[in-house]
Structure formats: C-alpha cells, structure tokens
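What follows is a short report on a single structure.
So that you can tell them apart, the chains are marked A, B and C in the order they are listed, and the count of residues begins at 1 in each.
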Amino acid sequence: MSQSVTEATTVDREALSGDRLYRRALIGLIALTLALFVLSLGLGTATLSPTQIMGALFSTDDTASPVWLIVREIRLPRSLLAVLVGGALGMSGAALQGYLRNPLAEPGIIGASGGAALGAVLAFYFGLSYAIPFAVPFAGLLGAAAAVVTVYLLAGRGSAPLTLILAGVAISAFTAALTSLTLSLSPNPFAMSEVVFWLMGSLADRSMNHVYLAAPLIILGCLILLLLGRAIDGLSLGEEVATNLGINLRRTQILLILGIAMSVGAATAVAGAIGFVGLIAPHILRPLTDGRPSRTLALSFFGGASLVIAADCLIRIITPDRELNLGVLTALLGAPFFLVLILRMRGTNYS
Amino acid sequence: MTQAPASLTAKDISLGHRKGENLLEAVSFAVQPGELVGLVGANGAGKSSLMSVLAGLRSPSEGEILLHGEPLAKIDKRERAQKLAYLPQSRLVHWPIKVRDLVALGRLPYLRPFAKPTETDREAIDRALAMTDTAQFADRQADTLSGGELARVLLARALAQTPTVLLADEPTAALDPAYQFRILNLLRRAVGQGIAVVAVLHDLALAARYCDRLILLHQGGIHKAGRPADVLTEETVETVYGVRVRIFDAGGGLSVMPIDLSDKHDSNKPPSGRGAYNP
Amino acid sequence: MGPEMNETDAAYRGGAEAISAAPSPSGWIPRLHGTLFAAALLAGGAAFAQPAAAQDAPPQRIVSLNVCTDQLLILLAPREHIAAVSYLARDPEVSMLSEEAADIPITYGNAEQLIVAKPDLILAGAYTRANIPLLRQLGFNVVEVPPATTLDEVRDNIRAVGEAIGETEKAEAMVADIEAELSALRDGDSERPVVAPLYANAYTSGPGTLVDAVIEEAGLTSIGKELGISGMQKLSLETLLMKRPDALLLPDHRYSGDALAYDIFRHPALRALKDQIPSLDWDSAATVCGTPNLVQVVKRLHAFRDELIAAKASEAAAP
C-alpha cells in the first residue's frame, strides 16, 4: 500500500516538473517575442526616441504627425506581421512534423509556401484583389492546400521521411516555375522583377491593410492546428495505436491541411514565401517538450515569431537602405541547419 | 436465461483480398471476460488480419464484431477506445517521449480537449505502471529502454486505457525467454482483473501453458478451437504447420518438440549434428 | 561630335548607293537576297564593301534604338526616312509619342534584324541593348547620343541628332523655341519649395537626373537634393515623412495590370501625407527624355510652384 503511494507521488512530482518546464518555456518565449516586438518598433530609417514611440503607440492625438504615422502605419504593421507570419510558419512546421512523425517536414520544404505564393500571384496580378476582398490570401490558402495535398498523394502515407522531402522539393520547384511564368505573362512590366519578393519574402513597407488581410486567417488556422494536439500526441505510437485511442485520422488530416493552408496561405500572401522557420523553431524547442509533440505547437508559434522578428530586425540593422529579403536570411540560417539534420538522420536508423 | 454478452464476439468474419483469395473465411468465436485466448497459426494464416478486424482497424467484407454485444462499427469511437485496447506488433515510438507520458497516452480516450488529467487518470496510469513494474523508468525517455522494457511500457499504455478487452499482436516477439514469461505473466495478471485478452502467439508451448483457450487459424479459417490440450495435437500441428512434433504433457503444461527437422519443401538433408539432439 | 561626324558623312554617303530598292517602311520583310546576304556576312564575317561616296544625301533609312532618340527622330526627320524605332517608342509610360509611333515599325535592337534592314544610320543611346561595337564592326554608321541629365545636354542632343540626320536647321529652330519659352519663365524669385517626385517602388530622382534639372528649371528643389541623394534611388517612406517636402509629384500610371511596385501609392502613411501637403499628378513620361515636351512640364511645374508659394504666404498671413 505505502509503496504504491510513494510511487504515485514520484509520478506526480515528475509530472509536475515536466509541466513546469513547459510552462516556463512558453512564458519565456512569449516574453522574448514581446521584447523583440518592442525592439522592432524602434528600428527604421527615421531616428525616433522611445518616448516618441511609446507616445505614438498609445495615444491618438496628433495622428497627422510624422512620428505617429511612422510608428502606427509603418513600424507597427511590420512588427505585427512579423509575429503573425513567424507564428504561422512555426506552428505549421510543428504540426506537420508531429503529424508526419518527420523532423524534416515544414511548410516551405513540402511546398506549401510555394503553392501559396503561386495562388497569391495568380490573384494579385490578374486583378482579383479589387473584385473580391480577401481574394489574395484566399488564393494563397487554395494554393497551399493544393500543394500539400499533391505532396501527400505523391509521397503516400507512412513513407520514409526523405521521400516526402523529395516530393516537396519537386512541388516547390514546379510552383516556383509557374510563379515566374505567371509574372512574366502579367501586362505590367514591373511584375517580372517582383518574383524575388514572392519567392524570397519581405516585410518591408507593409501596412495595416496587410495585417487586416492576413490576421483572421492566420489566427483561425493556428487555432485549428492547436486542436490537433491530442491527435499528434496519439500518433507518437503510430497510426494503429492512434486509431485505437479514438483519434479520427481522416478528420485529423483534413484539419491539418486546413490549418496549414489557412495560416501559411495568408502569411505568404502578404509577405512572400519564407522558408525554414517551420523547420528550425520546432526542432530547437523540442527538448523543452519532454517528447510530447503537442507541446511543440504553442512553443513553435512564439519561437517562429521570435525568429522572424529577429531576422527582420537584423535586416534593418545591416542593410537599412536597400533591404535584404527576409527569406534570404532565413535560408542562410536554415539551409545549413537542414543539411546537418539530414546528415544526422542518415547516420541513425530512423523508424 | 439472460446471459451477459461475451466481451468480444466475432461473427462470421470474412476478409477479402485484392487478389481474390480471402484472408479470412467465416471466422466466428467469442471471448469471455477474464479469459486469455491465444491465437495461433502459421505465418500468413490470417492472425494479424484477424487482429486488425477485431480492433476495428479494418472492416470485414462480411460478418461483424460485437463488443459487449454491441456492433463495433456502431459504437462511438471514444467509448470504443475506452473499452478496447490494441497492442500492435510493431513497437513504434516516434519521439523521445518520457515513459510516464507514453503510458499517459492511454488516457487520451478519457480526456477532454485541453483538459488536465484528473485523479482517476493519474490513478489509472499509476496502476498500469505498477502492474507492469515500470514505475522505476517513469522519467526515462522511451528511446533509452531495452526491447523488453519497452514491451512492458507499451503494455502499460494499453492497460492505462482501463480496457475490458485487450488485443495483443505478438506481445512476446523478439524477447528473450525471461521477458516472454514476464509479458505472459502480465497478461495473466490482466486477465485476473477481468479483462478479456486475445494474444497472437508463436511459441506453442507458451501458448498452451498460459492460455485458457486456443484458436488455431489455418488458411484464413479456424482449424480448431478449444482447450490447449484439445487444439494442440500432433495431427493438428502437422496439418497446420507442416512439421512433425511430439507433444508431451510435462506436468505444468504441454511441451512441444519437433521430431523431424527435414523441411518437406527442402531437399537438403538435416544436419547430423553432434548436439544432444538425436532424432 | 566632330570627328565622328566625318566618319558618318563618308559612310552614309556610301550607304545611299548600297541600297538597291526603296525601303518598305511598313514592316520587316526579309527579302530573300537580304537573308542570303546576312548569312554570307555572318558566315564569312567579311564587311560588305564600303560604298563609294555620294554627296550631300541625308540618311534615308534611319533606325533608332533608344526611346529618346526615337522621339527626336520622329520630331525632326521626314517620316519616309525613318526605317524603325525602338519598341519602347510605343510604351506610353516612357514615350510621349506612343501614338505617333504606332505605325512605325519597331525593333528590339537585335543585330540580325538590323543586318536585314540595312539602315544607313543607327541612332543609339548609352544603355541600348544592341551591341554597338559589333554593329560598327559590321560597317554600320552608329551615332551614340548619351542620355541628357541637364538642359544644356538636352540642347546638345537635339543638335547632334539634327546633324546626324541632316536636319540641322530644324534642330536649331527647336532649340531656339525651347530656350525662348524657358527664359520667359525665369523670374528672379529665390524661394524654392521642396518637392518629392515619387515613382513606383518608392524611387525618387535626385541631382544628376533630367527630372531634377526640370525641377530646378521650374524654380523648385528636389527632395533628393535636400537629402543628398543623387541619381534615381529608393526613398524610405520614413525619411519622406520626417523630411516632409512642400509637395509631392506623383506619376501617372499607364500600365494595365497591378504590381507590388504600386504599393507605395496605396500605403496609408503616404495617403495621410497626401492629405496634408499638396500633390501634383504630373506627366512623368515627359521627363524621361530631352524633347520639347519638357517645356510643357516645366511650365506646369512653374505654375504649381507659384501656387505653393502663394499658399504658404496666405498661411503665414492668416492669424
């Protein structure tokens, strides 16, 4: 009797410490995101003092002043979008990795971002954005969904992780080519040079309009992904056990595709295709989750957000006049990271 | 005369195969609470297919499965998950999950989304850990366990579901004899608590020793079912497995000994070894 | 321009004899012997014979490869002497004569096309796609007219084109007209409001560009000059807001279809700025090249400047 009591308390204590670590990590990441958000508000070609910035943020007097305009109409949307876009990409990456049981999966690599960019380009350059409000992010959603479904059909269920990556690479290459083709067919000659934005992403000169366009879909998509926590946990032991535990795999699949399409689709529609965030964030944060994949979801939202804000700040510090594309920075960081992951995986027997 | 329905009933299960031949042909049997039924048969006899049908993972082309008298297909998924636990043959663990959390997965069917585990859940987990003697690894990561330890932990997950029916597909596969005994002892312990257990087993002696009843599958159908002594006769073994054996009653249970090592399909002569064995 | 002119003199006098039949101005019909001729040229790499000199005949088959020389050519040369202009001549966003160019054959500056067409004079700018050294090697008479960045250079270019095509009188007359109109505008007013010309992708034109020269001539100052930005460079929206010019110069878009390049004009911050300071939708296409159309632009800017000064004065006067 007493033995089982002590065993029970041991279990409880362990449960508590694992939970405590996760809670602390989550709070820490939220704090980091906030701190970087504030830093981001302070960066730009105009020199503004912190008091000026705070003043513009919290008051609506003097909305015509340059300071107010800069803070509220230029820096605030940029920073908000960095959080939303980074969060969407991070959480989508975590959800994909959890569902596919594949640490190499992320929306960029499996072609979701490429598909979203193609959808957005088709809508934007052919004038749909004037005809239908929210046309561009919705088109991004459809493009992302189509790409994910195609990759899934190509790679099949339960396939080796590298097969999925190969299918994703094929789809990404294809959508990139179609995007360039679409741009070259646009009646506007500026279109062709804008391919860099769509394929490499940027947060420069975004406005609150972009935030209003993207935020609803991103938030909704992320909420849907959060709901998949249980299913992803259940899948830790494979599909058969997950089904036995009462998880509806078909419903999980549909919700996953919907959540990713919404969040990545809208994010790409306003910021272009940004890769590797969804790969790096969940991977770095996994040790804090005690092996529970559902915990990577919320952590990766703020992890991804922090990553993107930090990269965006770096861009404004290093090349303030002719800004580097955000996707270039994330790729510079992410591609080597990805390579290391692959090499590590080849060494082990991945099950 | 109203009898409580059997825990798990298979009624006329047939399972078709793409190529035309049926994997399962009119399989019918029932498992009572507190009974350990061993499912034996040659490779390809249909044991794993039958297990997936019993677990509700595959739909039979004909017939139905009843869980406590209710058609399995009609039972709400959550309720089914609370009553029926399935332990697959492949011991997949995809993430470096902690043992305690792995076992806690067995409580998923009881948890509401985003809800914290309740006292009941914690007790079920503790009991499962205690029963399988795995409480000592509770904070270790699953990928650091040995094969035998992992087998026990995965069984603990199934037990944490507090099921009334437990389906174990080759729970003793790839385990050393000591671990095989341990797992089977655990299954008997579960049976002692009233759970109906169906286990696919390859070792005939162990099956005979531990199971209350045996079902011998042959080419998709039930060749013989009943008490181990009735099912495992030298004739049935030769028919089903294609090997000649001698079966002894070695006091504690049946002992099965092959007497002819030559493979009917193999032209090679058996080795005339210097070993103790001498046909 | 002197020594070059002698070379071209000799060349196009000879060129006149080399032409076997009247040019057909309404399209590129690669006549069979023309193609064979081109093939022989490309294969052998031999320059075709320098034709014997003829006297005083102006070039009869002129090709222009640059949108600025296109427009000067159209304005100065008789229509039958123009064999082709560049494809940009029909682009309404950079050419003021896009309608007039509608029935003139266009070229993309491709060396093969040029060989087939056998012009006796090629007018080019500094950034033409065509390979000018190659064309000279093949024996063509190429006159390069660099882009004008000051009004003096505009005058020089008009004269240069006039000489090259044999219409020196017309060219002089054009220069005189321009000068007359511009000098009428000059008043000694020292006040120079600051304007910000804004283009797609948030570019602005600072000192060293024709736009800046036009702005200065109209009695204004460009924001590029104030900020020390020369040439055409991206202007940060934040800088624009902080610097706050006296007025904005906004281009008129003539391309169909949307592009991200136009996002700057939709940006709420710029819209807010537009509500606060005056802006002029000006004919930005007219400032791309140094043609007489510049005068209209200068006049319009000058009038705008007077408005700006008057508005400021009344604001200062109001209590």
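Here is the rule we go by: contacts are C-beta pairs under 8 Å (C-beta built on N, C-alpha and C of every residue); 3 or more make two chains touch, one makes a residue touch a chain.
Bear in mind that the values here come from a model prediction, so they are computed numbers and not experimental data.
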item	value
Topology of the chain contact graph, where touching chains are joined (line, ring, star, complete, other)	line
Top chain pair, ranked by number of contacting C-beta pairs	A-B
Cα-centroid distance, chain B relative to chain C, in whole angstrom	86
Whole-Å separation of chain centres (CA-atom averages), chain A against chain C	47
Geometric centre distance via CA averages, chain B-chain A, whole Å	43
In the complex with chain C, residue positions of chain A that touch it	44-46, 63-64, 66, 69-70, 73-74, 124-127, 129-130, 186-191, 194, 197, 205, 207-209, 321-322
Chain B residues touching chain A - in the complex, by the definition given at the top	52, 55-57, 77-78, 80-82, 84-86, 88, 90, 92-98, 100-102, 105-106, 108-109, 111, 113-114, 117, 122-123, 125-126, 129-130, 135, 138-139, 141-142, 154, 157, 161
Contact footprint of chain A on chain C as seen in their complex	200-202, 234, 236-239, 241-242, 244, 255-264, 266-269, 272-273, 275-276
Partner chain B, residues of chain A touching it in the complex	4, 7-8, 10-12, 14-15, 18, 101, 227, 229-230, 233-238, 240-241, 243-248, 286, 290-293, 351
